[in-house]
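Which chain is which? They are A, B, C, D and E, in the order written, and residues in each are numbered from 1.
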Amino acid sequence: QAQVKIACVSELSGPGATVGINFRNGANLAIDEINAAGGLLGQKIEMNCADSQTNPGVARGLVQKALDANPYAVLGPVYSGSIKVTAQLTSESGVTNVIGGEAAELTQMGLKTLIRTSFGQQISMPKLAAYMADDLKAKNVAVIWVNNDFGKGGRDGITKELKARGVTISADISTEAAQVDFAADVAKLKQAEVDAVFIYLHEEESARILKEIQKQGIKKPLIGETTLLNQKVIELAGDAANGVRGHVGLTADAPIPSIEAYRHKFMAKYNYVPDHNSMKGYLGIYTIKAGTQKMGKLDPKGLTAALKGLSVKAADEPGMLMDVSIDQNGDLDRIGFLAEVQNGTTVITKTLPALKP
Amino acid sequence: MTKVLEIHGIKKHFGGIRAVDGVSFDVNKGEILGLIGPNGCGKSTLFNAVLGQLEPTAGRVMLDGHDITGMRPARLSRLGVSRTFQLLQVFPEMSVRENLILAGQEHRGTMVSRLFGPRDAGLGEAADRMIAFFKMSHLAGEKAGGLSYGQQKLLDAAMAFMAGPRLVLLDEPAGGVNLTMLGALKERLRAINSELGATFVVIEHNMEFVMSLCQRVVVMAEGRVLAIGTPAEIRANPAVIDAYLGH
Amino acid sequence: MSTFSTLIVGGLATGAIYAVVAIGFALLWQASQTINFAQGEFVMLPAFFALIAMGMGAPYWLAALVTIGMSVVILGAMFKQMLVDPMIKHGVLPMAIATMALAIFMKESVKDLYSAEAYPFPSLVPDRNLAILGANISLQHIGIIVTAIGAIIGLTLLLERTSIGRQMQATAQNPTVARLLGIPVERMILLTFVINAVLVSIASLLVTPIYLAKFSSGETLGLAAFIAAIIGGFNQLRGAIIGGFLLGVVDNLAAAYISTQYRSAVPLFILIAVILFRPHGIAGRKEERTV
Amino acid sequence: MSEPVLALENVTAGYGRMTILNGTTFSVPRGGITTVIGPNGAGKSTVFKTIFGMLPARAGRIGFEGRDITNLPPRDLLAAGICYIPQGRNIFPQLSVRHNIELGAVTAARRLDDLPRRIERAFERFPALREKASVQASTLSGGQQKQLEIARGLLLDPKLILIDEPSIGLSPKLVQETFAALQELRAAGVTILLIEQNARSALEISDHALVLELGQARIFGPAKEILHDPRVAELFLGGLAHD
Amino acid sequence: MIALLRSRPAACALAIGVACILLFLPLTLSRFGNYMLAMWAVMTIAAMGLNLTLGYAGQVSLAQGAFVGIGAYATAIMTVNGWPLYAPLLLTVALCFAIGWLLGYPALRVQHHYLAFVTLSFATLAYLVFRNEEWLTKGTYGIFGIPRPTLFGVSLKHHLNFYYFSLAWLVICAGLMLWLVNSPWGRAFTALRENPARAQSLGVDTRRYTLMAFAIGSTMGGVAGVLYAPLVEFIDPNPFGLPLSFSLLLMVIVGGSGYFLGPALGALIAVLLPEWLRDYTQGYYLIAYALLVMVLLIYSPSGILGWVERRTADARTRRASLARQAAVPTYDAGSAS
């Protein structure tokens, strides 16, 4: 039986390991499902996931290696820094590259074959800024971010959007990846008289800072994007996470039947609660499937064209979980959520419609 | 008689310990001077303080009338002052021959000219002659760390001779050296002394060696100079016998 | 003012964590002249022993005992037997590199064989806060401080006051002569590594509730502890606690009053200053006469 | 003559692949001082290291009081009553002088309740050490370090002492002191095997002498005889004695 | 050099074999294979520099990765702005030499693990500057679109060409290094490592040699960086953090610290072995890699070349053993006469 080869390059070790492994696991889950159901246009999907060590230089080599083997499509990486170098290669070779990165500029660099699996920051940040400025009526906001390409991108994005809405950033606090002690950062926060706090950190750090905020007794609205409202953060932070709100682009906690089913399947296979990065991987595979089915044939050269401008209804392709449309840059449009943590669970308070439903 | 080295009131204290407590004496050009004294009286410390290895607590050192107090050992060496240490100090992973070449190379040309010059810095032959003299030709290519104690001691002394020095300070060169080889060492020392006019200061507990070699002997005790004199005078000095020689 | 005291107390608390791990470094150096670059991972791993034990239904106390036992066997005896013995005679560097490889090995093994996720970890000390000097400090941190001080006093007494301790030091300073005097060199080295294993497993039980159990949590911890050990004085156990406290406090003050972006540089400047002006560390003693 | 205390039969040993002792054979009679002389690099120290289990004997047999002690570890040899004071610097630099000395008694720790007295006796012999008892051993002068080693080596009551060039770095007075101590031990029935380059003085207090060359025992005989052998004097003692 | 090879036919054959592999093997490899080989050449240059500082002169440095970063950033910033490659090369050489020289000063006061941590601090600081000084380095976003140069009208855009370019640089650097360590300087560096106090008393200006060892070694790191940037065509701060410095240290030790060819072998292990292992052990390749490194060190703590030397030393030892037996008049010979 012929096989469809999908090459995956992801952060399986180094600082991005947790993110990258989730991404890979999600993708593998999707492949198992598709293969069990007869494969892609009758052919089994085969995927090997290579470890970029969260190092762009290594990622570049691996994508090169993947392209040398003429894959049907390339999945990953997740970190924007790595994508910037690998996307050049995939773009030159014309192979579709489904990525997990969220940096705004990725789809604006004129690279032709990138397809996202989640909102770029240029879509999520305006929603959050609007929420803070309009719903919370915040005038002063503190931004706490992790100083790597993920955090920096979010910080720059939200800062731009908040300023555009006349909100001042009165504390701009940079933290380190894998930081443990947040006493100083929270003390700074305490001194800055702000109306809301925007937190853009990875899971463990989010949990630690929430605990410290609780310890120092700060009672300000805590706002975040996707990660902060992650089930993992809640598990780690305990009751310190209660009251946290924000925008969630992709969440395994959404009360949508397809997502609940996904969560269930993932836990059955991997024995832990999935996060949004795993959904990116999962959706990535199904995006490739959707594009292929639209073409009706396995044509690597035509896949990108098939995906751009594609709209998929979850009803037609349950693997896509939600209705989604992909624009000419490879950016997505689909529903998002406003959520709040209540009693240790994320509660979706509002479902934000897609921009062009 | 011209003085090569003048030691003026050198003191070296370690916390409360007065290892050297005000030592003054001169070393005349061309002489072989013995320095003896009980264990722990401060001989090695004096050497170290004079030769820039330790910073003296007080006092001054003059070489050829110029103040060299606290001058770095490397510069002193290039001024023609050579030395050995009491504890074995060879380069264990380098061959015997390399040890000797190294001992001389920094005295030839400048750093840059050495970089562009020959690999052995023009010292290969001199090193081989030195090796042959100390009857170590069969060991020339061996790692110095694998030599026996006495052989290392000889190598150490030979290294001090490699640079064609004007002033040599030896700290117990004879310890552990076979009596026959000791004769050779003495001979070499005298030769350098007479041919090159080099001056020697020798710390040694081997009285036969000191008394047969030195023109003058300085005796130290408890960080100070106890006596200075010819070997015969020293041998007869009751204070020295009591503190040092015994019997 | 209350901010300031929060920072100080918080810093002391973090510093105590560094200290607990730094003691291990100092001990290994003093008693076997080895440097273990996997020390951070040594603290990471026991937490997973405990998680596995608890996952199999063991109560906390039993899991803790199992953890210590496993650590003694794996991080103590096996480590010494397989990695230290062949390399101890060849100087510090090969050993340092081997332990770096060991760190990768441990991290990757936990990640691939257990999970890449972070896990919460139950605390020995209740997770409650105490107000001290207007600052909130958690009981967990107090537990750590007490442990650190206790470990230092205990180990210092062992090393300085008992014959066994002096035999351990002698073994480290000159193994050949130690052997020749009939000191059971092998056993002394083993003892050192077993003590270190007990130390790291206790540290792990104390620290993991705060750090979370994750394969990568040893990285920063190991480095910080190492820096603390150097600042305090590598050859003095009590230096570890001084270095740890100083590092923790300075880190906090720097983050609050200097630049958050360059915060991690500040402890390093202190390190450089200490090393250059007191090369043997704040509490350390000069190693020995050189000429 | 009584049966030998120590006997080497065809011992082969060396460093790595280098063979230094090649079939070395000699025996040491009980209760006397035997001095080993020979040129530098003859393998004298190597013999001691091999006897004391610091270097493996590749062939041959080493017997002590009739018992085979070939390649036993130092711990067992100490227990059997052999002690060894090596050449060079052998201290624990960062421990205090007193602790350095005490470590000489670890193998006897439990049965030795008079340790303080023994240390006191060592201090009497080498008063400089008493003064320095609590300082770090590395700060001692060269000769003081040697005194420390000798004091440590003589702490127990051995039956056989291997002592490698004790006179290096010691002042003439202390050399006399050390030789006197060895003579005292001999009087107490201890057998002493001594390596000395300070050979004339050593041979004068010795009963027997052994000439070692190229790793082989060349001559064994009464000390006085060897001291006056012209050939030995020329090769190993720097010529005939002047007096 | 030629004479040296002639005297040892085995070594000569080996050298020719290696040269053939380096020249012709790439022709048979994929783009990825060539990319990794070029990476090996680049890392070998950096490790060779560290081998000078550490292996020969005995000064522990955990900052080599930072110098690779300095070279890479200089190159990225300048070539993206249209400068030809030789401009950043010259700048890097000057800059790394100067910074390396300054970094050597602490080594005059402290040694071993203390020195390791001073240099480690510098490496961390360099990383922070790369990350935080956005106006210059574009911070965490990194610099992309770094052009590969054109040499004598040949574009190095092609992977094979860039590999040969890197190889040429490796050969140049190795040649310079060989000359250096075989000059009296090499002996002085070794003396510095083995016994600085004694070296000083023999007139070796340990200050200047220490600083030189740092400066030259660091410069080689910088040169490696100059090649790294166009090789990867993108840089951000992450690859130049501590792990790179550690990894370079690993290359030196595993290959054989103080052996001329050690770094090349070490880089083989650190750069190519993991890639090779990927194909056999999949997800577990890092575990396998770490395990292999440990086994290697357990088996030969002095590195691969240390092991080789011990093997070849046998013959020499046997010769020396014989030389001893034939030396100096003996009592037997005397009495026979």
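Everything that follows uses one rule, which is that a contact is a pair of C-beta atoms (placed from the backbone, for glycine too) under 8 Å apart; a residue touches a chain by one contact, two chains touch by 3 or more.
Since this is a predicted model, take the numbers as computed values, not measurements.
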Shared interface partners, meaning chains that touch chain D and chain E: B, C
Centroid-based (C-alpha) most distant chain relative to chain D: A
Inter-chain centre distance, chain C versus chain E - centres from mean C-alpha coordinates, in Å: 32
Approximate Å spacing (C-alpha centroids) for the pair chain A, chain B: 74
Between chain A and chain D, centroid-to-centroid distance (C-alpha), Å: 76
Cα-centroid distance, chain B relative to chain E, in whole angstrom: 40
Junction residues of chain D, two or more chains touched: 18, 39, 139, 234-235
Overlap residues in chain E, where contacts from two or more other chains coincide: 131-132, 197, 283, 286, 320, 324, 328
Junction residues of chain B - those touching two or more other chains: 44, 53, 85, 139
List of chain E residues in touch with chain D within their complex: 313-314, 317-318, 320-321, 324-325, 328-332, 334-335
Residue numbers on chain B that touch chain E, as the complex places them: 51, 53, 72-75, 77-78, 82-83, 85, 89-94, 98, 101-103, 105-107, 111, 114-117, 119-121, 135, 137-139, 141-142, 159, 163
Chain E partner contacts - residues on chain A that touch it in the complex: 12-15, 48-51, 54-57, 60-62, 64-65, 67-68, 80-81, 84-85, 88, 103, 105, 147-149, 152-153
Chain C-facing residues of chain A, complex: 13, 15, 17-18, 21-22, 147, 173-176, 178-181, 183-185, 187-188, 190-191, 203-204, 207-208, 215-217, 232, 235-236, 238, 272
Residues on chain D engaged by chain C in the complex (per definition of touch): 52, 54, 73-75, 78-79, 84, 86, 90-95, 99, 102-104, 106-107, 109, 136, 138-139, 152
